[in-house]
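So, here come the structures, one by one.
Okay, so subunit A shows up in both of these, paired with subunit B first and subunit C after.
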Partner chain A sequence: MFGGLREKLQAARSRLGSSIQAVAAPPGAQGPEPSSPQPPLPAESPVTGEPGPDAKKPAGFVDKIKTFIIERELIVSEKDIDGALSDLEITLLECDVALPATDAIIGQVRKGLVGKHRKIGESVDSLVVNSLKTALAEVLGNGFDLTEYIRQHEKPVKILFTGVNGTGKTTTVAKIGYFLKNQGFSVVIGAGDTYRAGAIEQIGVHAERLGIKIIQHQEGADPSAVLFDTVQYASSHKIDVVLADTAGRFHNKANLMNQLEKIKRVMKPDLVVYVDEAVAGNDAVTRAFEFDKTVGADAVVLTKADMDSRGGAAISIAHTIGKPLMFLGVGQAYDDILPFEPAKVIDELLEGGI
Partner chain B sequence: MDQRELMTLQQYLQEYGQQAEIFVQQLQLLENGRMEALAAIESLEDMLTAGEGTVLLQIGGGASVRARVEEPEKVLLAIGADVVVERSNKDAVEFLKERVMEMEASAKKVAETIDRLRGQMNEINKRIESGYQQAMASGEMQE
Partner chain C sequence: MLDGLSNSLKDAMKKLAGKTVVDRAAVDELVKDLQRALLSADVNVKLVMELSKAIRSRSLDEDLPRGMNLREHVLRIVYQELVRLVWASTEVRLEPQIILMAGLQGSGKTTTTGKLARYFQKKGMKVGVICADTFRPGAYDQISTLCARVHVPCFGNAQEKDAIKITREGLVALKDQELIIVDTQGRHALEPDLIQEIIDLNELTKATHRWLVIDAALGQQASEQARRFHEAIGIDGVIITKMDGTAKGGGAMSAVAETKSGIAFIGSGETIEDLERFDPDGFISRLLGMGDMKALMEKAGEALKPEDVDVNALMKGKFTLRDMYKQLEALNKMGPLKQIMGMLPLGNMQLPEGVYDVTSTKMVRYRIIMDSMTPGELDDPALINSSRMQRIAHGAGATPDEVRELLKYYKMMQRTLKGMRGASGGKFNMQRLMKRFSGMQ
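On to the complex of A and B.
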């Protein structure tokens, strides 16, 4: 997952590191590599204020002081890292990270590095990694802990799933049903996609396999009625969570959007979750933005993240639409769904394989 | 195997079929993207050698006009996230080649998924087949 982005971020990280390294060890400066500083000899310390034995050779002395300062702390100027930052910017854009998110990351990295005093013993790489981590954390937001949300809210918690056609909404509903069931919650699914041929059967098969109760009407029935019945069932049977599947729709199709409005009025969802595919990249971000503007969304699920090497949508969606990313779909099996944990993703992007 | 089990298997088969269809569409999109990128690479490389010559500029609907490229060395390239940047011809070709490689890797993954789905569909088909045979055999015995 996001292999391309990880590779490119590693390259950008080394480039930033070497730009700073170059400042730390300008040509002519002698002494050990700044990345592995060694404690200076007491005789070279300027703190003593006493001239050492080298005082007779001013040039050598100054050099030593210079080395000492470089070792002790390093101040990065904007000019030093401009080239590397512009590389990072292109890297992020190439990975389909939306422009506002890219700007935010670059701004944060710049803020984190420029004027930074490197402490003794701190390597240049850790300086770069830390500022990249802070920048990504800022853009990725806090994620959305669904189980915690359910625990803290009045039951049944009603979750409405929306999104465009063919992105894996129905499968996502089944996967989240499975996830919540494993977390100890009771779940009922409302087969609100009465529009697409075979959709009711599809969600029916999933529900049967997972042992989850499903409420369904006939094809072509009013989805609001199906979902109203589902909520009624959940209330009377003390079910914890209602997962409402709906038909795929585009934000610019007025009649389908009106239908969604009606569904919202009738079932009064606690959460509206927008589902799209990670592989759609920036298109997914644009669509999520439009959807949020038209019907509103509280959280986002991105499917097919296992096939997405660029990771642009996952990185930029929370920042661009201001709604958290809740889950990533990463495969065909029911347990192939990962709660989105920003810290984990950042660690894996910058340190290891996802 | 009873009738109900057979129906469930049929539903599974249908569902796997729908999933496979979505992945086939995705594969097609990747293939289209790959072909477009390869065509662009070829055009960019040829433009450098075309010199002052004219090229045919497709304007859609099968119509083309003769055009002269003023600066074949400079290319405006959509690098992602709806951002277009100016690159040298060589850099643009390199970028497109990388994209082709990326798309090939993704297509491989999608193709593997389709294969896996087809394998599962075959399995289900076999079970349905044997279910039918069992049902027919027991029907004959009852007669």
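On to the complex of A and C.
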């Protein structure tokens, strides 16, 4: 899903590179080749400049070299990169990174670049890439290894899924159930969405297809009771993992959020997983914050990542609540779920083209 | 619901207040703030750039109309440009027709289908629903449950996997209905098979309307997805769902601009009644913090009788428990308090958060408690001492704490209303508002 973001980042990166490059040109007028609009060879200009004076003037050679080096050791100023940074800002916004998260990343990159002494021979590009990398790594943090977590914790491991309406909680529960079953764990699902018409049937069909035991009550039943029963069932049948589905709810509905708190009190989940969609825009920040505030969130699952999204929501949510992204939902089949590895994603975003 | 956007816009506007000549720097600053406001509301980035360019050049180039200050001038331009985006209101006629629902997964198509069926039924039409979602488990259960609640016939078959076949059979089975809504499976533009399916469905049904259902929270993808749906079946209306959350619907607005259609309806709640007709003028008014009287009136007209709200009592500066009782009763018919408040032109006045926390169940409790008060107590709440409180609680089957809570809420409302009156010298005039409110009933 990060294809779009990657493309855009590459462009922003060369823009940043070339604006730093442009500042590098004036002091040593003979240095860079006259026209180099594309910055694929940023490191070369200072190096090629060097041998010239070295060979011609033996007298005062050391002095010359010294001033040359000092002049060439550039300090990147805020002004130099302003244009490029505002381009980067638009890029991030276009990729659905919410405004506050964008501001934070831009701030990071600026801090990483401004006032930096660039040594001769140090590639502008690597300076930019490193700065972007740090900023992204800071935001995305580490991933979350669910399998490892379950292995290390006392069974049954209880996982509660939360999120607003229509983000794909039920489908995600089914997919994770399938994933864990394939990893050799025994799983039980609690049909905690007792509100939406057809929700119990929906999760019931999924469970049946996957051969996973499901605990369900009537429509309109108390979700806490359903999930409590599910946990009881898991304990008495020595089941490894409890997956608790809940009804979608908006974070600004006090009574529904209270209900969720009650569910949490009753079933005492080991993990609260917040589910949101990759195509969400700025609201992703608001609701992630509210959910994290009321019931907490230990990990995040982003769904609908196959919808040609640019992955900005991942960055927005991670920035807002600082919780690891665990899985990406990437399609309609049960195996369309990918564990998320931030380091790999960042590398993928910024590698290539160097 | 559009609080965030309108707040930042209002901040931007404030900076222009008092200026009487075109001030390039001030306009530039406003445009920048406007950009940020629109971007954080998920309006498409390209659209924002076009919009702000137009606003900037018009603000600087057009002569300041006589008698208008810079703020009003720019405000007018911003308003006009925004209205232009959502101008075309989708016409909804009460005549025999077929409506095809389209949209991404989880955008709320099925819920909206139920709401639409209810909407047209209330307008006196014979409505039928076809469930062409053969993919998602439970989809047929969901829509048939929703339809059964309002006694609308629903055709579908959970066993059948061919959406085209179901629809063909459904059209025959429901041929006596005047209006047929076809609910489809969620799909996105990168699924060629599913796009082909909806093209086929469109040809088969010869749908009068093809409405795209869009989640208010959808981000920058909205334009692109809308464009592809539009290419496939020619979208002629957009329905924004989940407007009761905190999302601002800028993505949906971009989708409208992309499809050159209009916003047909707005979904803002979980019950089958929570569907509003969209009024572009009002939408922008609300966006800019001018209040959307029209939508409120429309809703009030359906739910309210004139005796329900005693505007005079409020204006006299007296607000008793009796008034609150009437208010709660009226509000209960109109929907959640926040929804109502969002429609009132309260300018940038901040209401205390607690005002909204009263849930509808609580409102019912409050009314029961007030039912066991004496007329004297209702008119003068100060009378209520602890022994009276005991009696009231006893009579209502409540605890004294609940009665205390009710009184606390009453005091908060009273303070709030007082605040409104006090603010009348500023942006809006409560007196005028209430007059208009009562005049239009």
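Simple rule for what comes next: the second predicted complex is superposed on the first by the 278 of 354 C-alpha atoms of A that agree within 3 Å, B and C clash if a C-alpha of one lies under 4 Å from a C-alpha of the other, contacts with A are read in each partner's own complex, and residues count from 1 in each chain.
Assume a residue touches a chain if its C-beta (ideal position, glycine included) is under 8 Å from a C-beta of that chain, and two chains touch if they have at least 3 such contacts.
These figures come from a predicted structure and were not determined experimentally.
**Q** After the subunit A overlay, clash or fit between subunit B and subunit C?
**A** clash
**Q** Per the contact definition in the header, classify A:162: touching subunit B only (first), subunit C only (second), both, or neither.
**A** It touches nothing on subunit B or subunit C.
**Q** With both structures placed on chain A, which of the two partners, subunit B or subunit C, ends up touching more residues of subunit A?
**A** C
**Q** Would you check which partner chain A:284 touches, where first means subunit B only, second means subunit C only, and both and neither mean what they say?
**A** In the superposition, A:284 touches subunit C alone.
**Q** Name the contact category of A:255: first (subunit B only), second (subunit C only), both, or neither.
**A** second
**Q** Please work out whether A:320 is in contact with subunit B alone, subunit C alone, both, or neither, and reply first, second, both or neither.
**A** After superposition on chain A, A:320 lies in contact with neither partner.
**Q** Looking at A:202 after the superposition, I want to know if it touches subunit B, subunit C, both of them or none. Which is it: first, second, both, neither?
**A** Both partners, subunit B and subunit C.
**Q** Return first, second, both or neither, reflecting whether A:194 touches subunit B, subunit C, both chains, or no partner chain.
**A** A:194 sits against neither subunit B nor subunit C.
**Q** Which of these subunit C stretches, 2-10, 128-136, 146-154 or 344-352, gets into subunit B when the structures are overlaid?
**A** 128-136
**Q** Across the two complexes, what residues of subunit A are contacted by subunit B and by subunit C?
**A** In subunit A, residues 90, 93-96, 98-99, 166, 168, 198, 201-202, 204-205, 279, 281-282, 286, 306-307, 309-310, 312, 332 are touched by subunit B and also by subunit C.
**Q** Under the touch definition given earlier, write down the residues of subunit C that touch subunit A in their complex.
**A** Touching subunit A from subunit C are residues 4, 36, 39-42, 45, 104-108, 110, 135-143, 145-146, 188-190, 215-222, 224-225, 241-242, 244-248, 250-251, 270, 338, 356-357, 359, 361.
**Q** Give the list of subunit A residues in touch with subunit C in this complex.
**A** 90, 93-96, 98-99, 164-168, 195-206, 219, 250-255, 277, 279-284, 286-287, 303-304, 306-310, 312-313, 332
**Q** Can you list the subunit A residues touching subunit B in their complex?
**A** It comes out as residues 4, 90, 92-99, 102, 166, 168, 171, 198, 201-202, 204-205, 208, 279, 281-282, 286, 306-307, 309-310, 312, 316, 332.
**Q** Mind pulling up the subunit B residues that touch subunit A in the complex?
**A** 8, 11-12, 14-15, 18-19, 22, 25-26, 79-83, 85, 95, 102, 105-106, 109-110, 113, 116-117
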